[in-house]
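Two complexes come next, and they have one chain in common, chain A, joined by chain B in the first and chain C in the second.
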Partner chain A sequence: MSHKNFSVINTPVHNIDGIAKVTGRATYAFDVTLPGMLYGKILRSPHPHAKIINIDTSKALEFPGVRAVVTGKDTLGIKQGIWRRYEELCDEQILPLEKVRYIGEPVAAVAAVTEEIAEMALDLIDVEYEVLPAVYEPMEAIKKEAPTIHEGVERNINVTRHIEWGDVDDAFEDADYIREDWFKCSGQHHMCMETRGAVSSFTPEGKLTVYTGTQSAYYHQGLLAGVLGLREGDVRIIAPYTGGGFGGKFELDAAQFCSAVLSMKLNKPVKIVFTREEDFIASKRRTPMFYYVRTGIKKDGTFCARESRMFSNGGAYTGMGATALYLTGFFHSFPYKWRGYRYDGYRVYTNTMPSTSMRGFGAPQAMFCSEQQIDWICADMGLDPFEVRRKNGHTEGYEVPGQAFIASCGLEQCINEIEKWVKDKGKLPANRGIGISSCGFMSGGIFNWFDSPYSFSSAVITINVDGTVELHVGCQDIGQGSNTTMAIIAAETLGVKMEDIKVHSGDTDHCPADLGAWGSRQTLMTGNAVKMACEDAKKQLLEFAYAEMGINIVYDLDIKDRWVHIVARPERGMKYEELVKKALRGKDGQRIVGRGYYTPHRKGMISPAYSYMMQAVDAEIDPETGKITVHEVMTAHDCGQPINTLGLIGQLEGAASMALGYAYLEDMPFEDGKMMNPNLVDYKIIKAPEMPHTPIIEIDTYEPEGPYGAKEAGEGLTNPTAAALGNAVFNALGIKMKELPITPERIRKALKEKKEEEAKK
Partner chain B sequence: MINDFHYLKPASLKEALAMYAQYDDCKVICGGQSLLIVMRQGMLAPEYLLDIKHVKELRYIKFDDKDGLRIGATTTHREIEKSAVIARKYPVLVAMEGKLASIQTRNWGTIGGNIAHADPAGDPGPVLIALKAEIKFGNADGEKTAPLDEFFVDYFETKMEHGDLVLEIHVPAPDAKFGCAYQKFNLLGSDMGIVAAAASVALNADGTCKEARIVLGNAGPTPLRVTKAEDLLKGKKLDDKLFAEAGQIASEESQPVADIHASEEHRRHVLGVLTKRMLKKAFEQAQKAA
Partner chain C sequence: MEKQVLRLKVNGEEYEIFIHPKTLLVEAIRDHLGFTGTKRGCDTVSCGACTVNVNGMSVKSCSILAVQCEGMEVATVEGLEVNGKLSPMQRAFLDNGSYQCGFCTPGMLMSSTAFIDELGGKKPSEEEIRESIEGNICRCTGYNSIVRAIDAVAQGKYKEE
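On to the complex of A and B.
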């Protein structure tokens, strides 16, 4: 709040790549065509669990137009995973040698002169399987008699996570009331507009270039190098544009791996693009979770303790699931102060497509359980849900014991704003209810399971003689607008205009390493690196300005809107362009280069900063059919200092759409391990007519660790919505929704149970 | 993948019928909203596609107070939705079209194509049957007319034989005291109904029910008339109790099939609710009608 006199920050800025996108000039991996390029297709397992006895590729190889067929035998057989530091969590061979563990798992790949030929050739590959017994649900897979999915993994427990602070049992002793509930949270498909795809080109010089959609070019560089036996520096990832990620595009995928293996075999470029169905059945999903929640509270509404157990459907492999297991347990405590807190999470392997990170990273599931149970407790005890949340909510300066330090927190203002909004609505018609949910979220993870030796984020800026600026960053723009955010921070810091900044990202040969777009990290982490790089360059410029202007050293100089001036006397100064020319001459013709980096230190276990929010969902339910109509989704939101007010709205609307889909529409039903709706007719996402009005109130806070006080926005708002809708249904009809999605049939079932209960009384 | 096919583009109805008679492995396309989906899924791989989009003779909306409404087969959904005369005389058709898929689909998809496709979940079928519509279809040798409720035979099957094209939908002029309503139950407004119900009510001068029609969508192999419930209402003074009873009958008479979107029980239940509500709505319209 010390520096509110912004030129670019806190204004509505259109995405710098917007025109290229809407005019069709933006090239995605799908658009890339290289000379001599071949087309690849992947043969997938029809069995949820089977031994591979033999793969006969001879007939496919004889098919006219086919150039190569690869199986696990053509690979190094390395088990890979994104948790590189932990060998036991690197459990996935993308072309497996011994067995398949889910329907849709790749077993072979073909390269041919056309995509059609490649697809036809798949039918000519003869795979002999020995079908094994399979298990699909975590509560079944954890039983002693369940089939073993990974050799040596007892009871199919992939990872466990324990979080505890305070004397939990003692705190429960103090409680006047204890409530316990079981919840079932569903999976969700990432539903990127761009399906997974890659064009790999390996050349006889021993270098591999891969064009692909990615959330982290650096991760994919490292993962591909590791699994192909190449040096990281010999792998170049180019991701000019990525059509959505949502947590699903930073693990190595089969399009990238198979196209690379085929290209290395042929020394020719190979393109593989998933169909929508392939994306649905074999690109991982939000982690389905079973939650047991026990909460103790005092009569006056003070929270005492919480104890939770969570069993997640991990699917066939680990992927990012291990992180989701930790984060769901941590955010399940959010945003409240607990004297005692205990969480035990079990990630269980099953013979279904692997589950992984997805926007919200385990928190939407955690909040669905926590925030509904809090409302039920309030109803049981006659307490006010706003008051209870206010009483127990995080505040500035609070330390989550052993986990996190809260340096900025606008939760109380969020609660106040939403309380006012709800009260202003007055009495609602029958069958209509407003539900609330508060939550918080991280601004980038502190974890380094990838074992990166590099800074978490880096930036390099180069100032040309005409004052234009080349900004090189490794952060990944996946549609969320991070390139625009970085350009804004650069323009503001350097004191130039938006049009002076060219952002270079998405190319590992030319951009510094950065962990990429996940866990809402880029605005804070890459933003800090960009700010530091620009301050570095600006300092060099101002050194020349002092000399040129010959002013007393007690005066401060600054640059704003291309005007280099004395802060105390803004009218005295010189043009930025002139200064740059002179500075270059003074540096013997070298361009001005600024460097910046960011790695969090001493910021707890999770994240350097946390956003806070409260949301209210106004919904109407037809009690006869169970159909839900969402009228409005109101949010009060603390993301520190907004950088791009237009981008912020886009992010929050997108989150509301995705979270509402999770709340009452999106579902991935399986039968015997097979996904039943892998298409856009049967998989329901919110469309424009269903999208309600989603107003937002921004709460003014300042996060000391963020660039210009900024923190997370856009991912965290996926967290409260399912819970808020559940609470709206509770307030409208008095029924408790313990399973996602909240479907008409589940509403009718709950109504029936409520009637039966009332009849008993 | 869609298999390769020969594309036929007749300029007139006569040419279209002649071409259709000539080629055995031939499917008619008039927008492709339904056909291309099944072709893409590999369920159909015809050698010839006969595109009647440009057969102008079949694209019309005509209304006459005595004769009623005539809609040519290649008239688009959007043209029906935007027709002033239909809005005035058959508002239920406009309301139904307004919720049929998306605007893009309505701009290109046609009423004839929809009816010929004979998807029991299609929206126009139940509404048109409730309005007592007839259908005219024919081939190079001649034309036939049938009440629309007798036209549908089974899932995606009609009375038409190879060489037949849908030519026209005819909706008779409504009774003086008449109402008709339609609603589908779905999660997304642009989806086909998980189930749907159309109901029409014509009243006698004394306010008793002259005739009622109840037609269910996606509740069996074809749009399903619930004659047992229709008979219950005939000649009676209608009230909520009767509507509920009719709904109960509709629920029992329906033959819905469960899938991932809803169980059989839920479908039956909702069919009952929709029938009850649509009858009430149609009845109230009929009462208000001059």
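On to the complex of A and C.
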């Protein structure tokens, strides 16, 4: 079915915001200036854990040019969190009243006529703290004697998650070989090129408008309304262009909250933009995880059981971390069939910056452990890593017991393609190795911890008299190209051209609610809503076409490339523009409006559909220095039917660069709760010279639940790379990398240990 | 320090602004002249989002004072398109999908445009292309689509319109 003769889908169209972006016309919250606008700055805690005894703002208020200073006492003191359904997980006051729990936590905010004055005024705020003992690592924080970070939370355990199916102990009994390992997965910063920022404008009508970069305008509307005591409908979020998200821009942040609080106090617009250092120390990060993994396997390579325990460094607050705790445990089983599977995850509070979702949502950590251990087991037992993965891999029609149903799966073809690619490379020189990793990922989450009463996605389409189309959606384009993807689906469904579609998104006053850009949900969920809305409008148009053309009712009519025609006799028809004009008259002048929505039902616990992939990393390591050179990253990828060709390639190449960064470059070292490299000199990001070629083979599958057979693309490919690089290092040098990132120091240390062990023998 | 008058040419037009001498070029461009196409992504001259061309050389505009550009010709991303015609590099970026969130794109375009100008028709190696944008961080694309776009322009696949 994926061989359909598409007009727009899977053709190399330009992104609809391309010209705005290459001409510098695209404006971000960072660029917004409103009349009378003031500038805000945030005072942050220098302590990882301290009681706030008193905050004296009087000197700051007297400073010329300062218009307002706010602290927790100027807020409603509501504890918020994105898991709105669960009160105990709403644990963060963005301007706390009683204590601070990490270095960089906001304690006060100033609005002044210039940013410079606001910054100077911060020095005049006098905060009296009583410093408390602090704890930074989950394995320490979970101890009985550790300091309590949130009152009433025993052993600092924030959330736990248990996943289990099959008889795990019985399945382990059947195993011929059992291997257990501990792993330590690091954090990673989203490092969006656009730091967090917001311009809030509260006006005497009682309405608040906030311009901000966001992954979900609807979430930010709901979260802000909640903490400010406003009705959702009185908060308008306008997302101009958003300079990257990667999982870091859908929780409420201090730029949004503090600018709103200041604006409500002053009835003037207030702009707050984080510096890069603020963004590093006081936004959020990928969740660091400690994993214990025990896997049982039969001699012939059949997987029996897996049992894992995971302790994550949750940092000071919950946020999206609770979702990552669940997803890492689920994807740790992927993409294999286990007779018995058991996962126990503990998210532990510490006095460090909060952890959250980041591209891959817990899966890159899970795969780093799982996929390396599988290769080590294969080496221990003399099994072929490709064969073992093929033997145990998910297949179409498989049900992950009680969790998920796999309707489409191209895993086996992915494995075959990568196996061929690796074999074609032949024997490699010394100190060079190829490592593989397979994985899968979700196409949006089924869970509704936000407690949205709205459909997960909605779309409204209006056809103007000249045939141009207004498409209103709530999905959020953060650079991944979702507006273009929605325009493609609309143009294809309606049978018009790309230039006929105008996409309206990122404005809660004018667009339907949508959960936004996370968990790779928009192509499938918003895509389905758009398709449904277009089918609705098209049906209305074709009703007029039947009447106008006076044809036999058994004939099928369709529209393609603006031509309304009989399917069996495509030459017989009329122009789409003519039809629209006539249809409008028939509706007493009303424009044609189509509505669509999507909420997943009867699709298990996690996601309506799953992508699959396998990746191979070809890397060379200098055994003297430990320096890694990545020569090539090859991917075979099943995302169902590709929709946006250029966008898909961009997503996969981008995922490879971010995942390579996670694998061997990016690190967030802390000392006594203080991040030691909060700038782009010391925080290493992949740059153009070290970025390898990243060829891709797309596997042709069709996902019945997705629009035109489409499913996840782009986020999931962040998952396999760290594991594949680890396996490449293992194949090149015979050392096991159990800690991320795989730095030269760690390689040298592992080589030294290997030598010492060999000497002992 | 007293404020002073600064005269400079931006995208071919003469401007005269009254600024504090410690104003950075990026602040003059964005806050005084309103060319917000030029972005800022760091405070350490590391990210390249603020790259502009000064007298034909690509320069990170957060690294120099505006007054150092007295009488000079500054080109920003807004100057690449002329009368609705996109430059070869802009068209190559569109065709290759060399941008995603778009925040690094203005700086990336200015670096790569200066690189092509400096080559004067010489065909660069892939390594040289990659080095030409080493000072520009892109978090979205993984650079390879940008390298393809620069290569296409260097190979003469895009002519001035």
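In the analysis below, the second predicted complex is superposed on the first by the 759 of 761 C-alpha atoms of A that agree within 3 Å, B and C clash if a C-alpha of one lies under 4 Å from a C-alpha of the other, contacts with A are read in each partner's own complex, and residues count from 1 in each chain.
Keep this in mind: a contact is a pair of C-beta atoms (placed from the backbone, for glycine too) under 8 Å apart; a residue touches a chain by one contact, two chains touch by 3 or more.
None of these values were measured; they are calculated from a predicted model.
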Just checking: does A:Gly243 make contact with chain B only, chain C only, both, or neither of them? Give me first, second, both or neither. second
Between chain B (first) and chain C (second), which does A:Leu665 come into contact with in this model arrangement: first, second, both, or neither? first
Mind working out whether A:Thr526 is in touch with chain B, chain C, both or neither, as first, second, both or neither? neither
Would you sort A:Gln480 into first (chain B), second (chain C), both or neither based on which partner it touches? second
Using the superposition on chain A described above, determine whether A:Gly654 touches chain B (first), chain C (second), both, or neither. second
Once the structures are superposed on A, label A:Arg748 by its partner contacts, choosing first (chain B), second (chain C), both or neither. first
Decide which partner touches more residues of chain A, taking chain B and chain C as the two options. C
Contact-wise, after the overlay, does A:Thr328 reach chain B, chain C, both or neither (first, second, both, neither)? neither
Return first, second, both or neither, reflecting whether A:Asn677 touches chain B, chain C, both chains, or no partner chain. first
After superposition on the shared chain, which partner residues are touched by A:Arg25: those of chain B (first), chain C (second), both, or neither? second
Common interface residues of chain A - those touching chain B in one complex and chain C in the other: 686-687, 689
Show me the residue ranges of chain C that touch chain A in the complex, using the header's touch definition. 30, 35-44, 46-47, 49, 76-78, 80-81, 86, 90, 93-97, 99-106, 109, 127, 129-131, 133-134, 136-147
Note: in the complex, chain A contacts chain C through residues 12, 14-15, 17-28, 30-31, 191-195, 241-246, 275-277, 478-481, 646-647, 649-650, 653-658, 679-681, 685-689, 691, 693-694
Given the complex, residues on chain B that touch chain A span 1, 185, 187-191, 260-263, 266, 269-270, 273-274
Residue set of chain A touching chain B in the complex reads 116, 119, 624-627, 664-665, 667, 669, 676-677, 682, 684, 686-687, 689-690, 744-745, 748
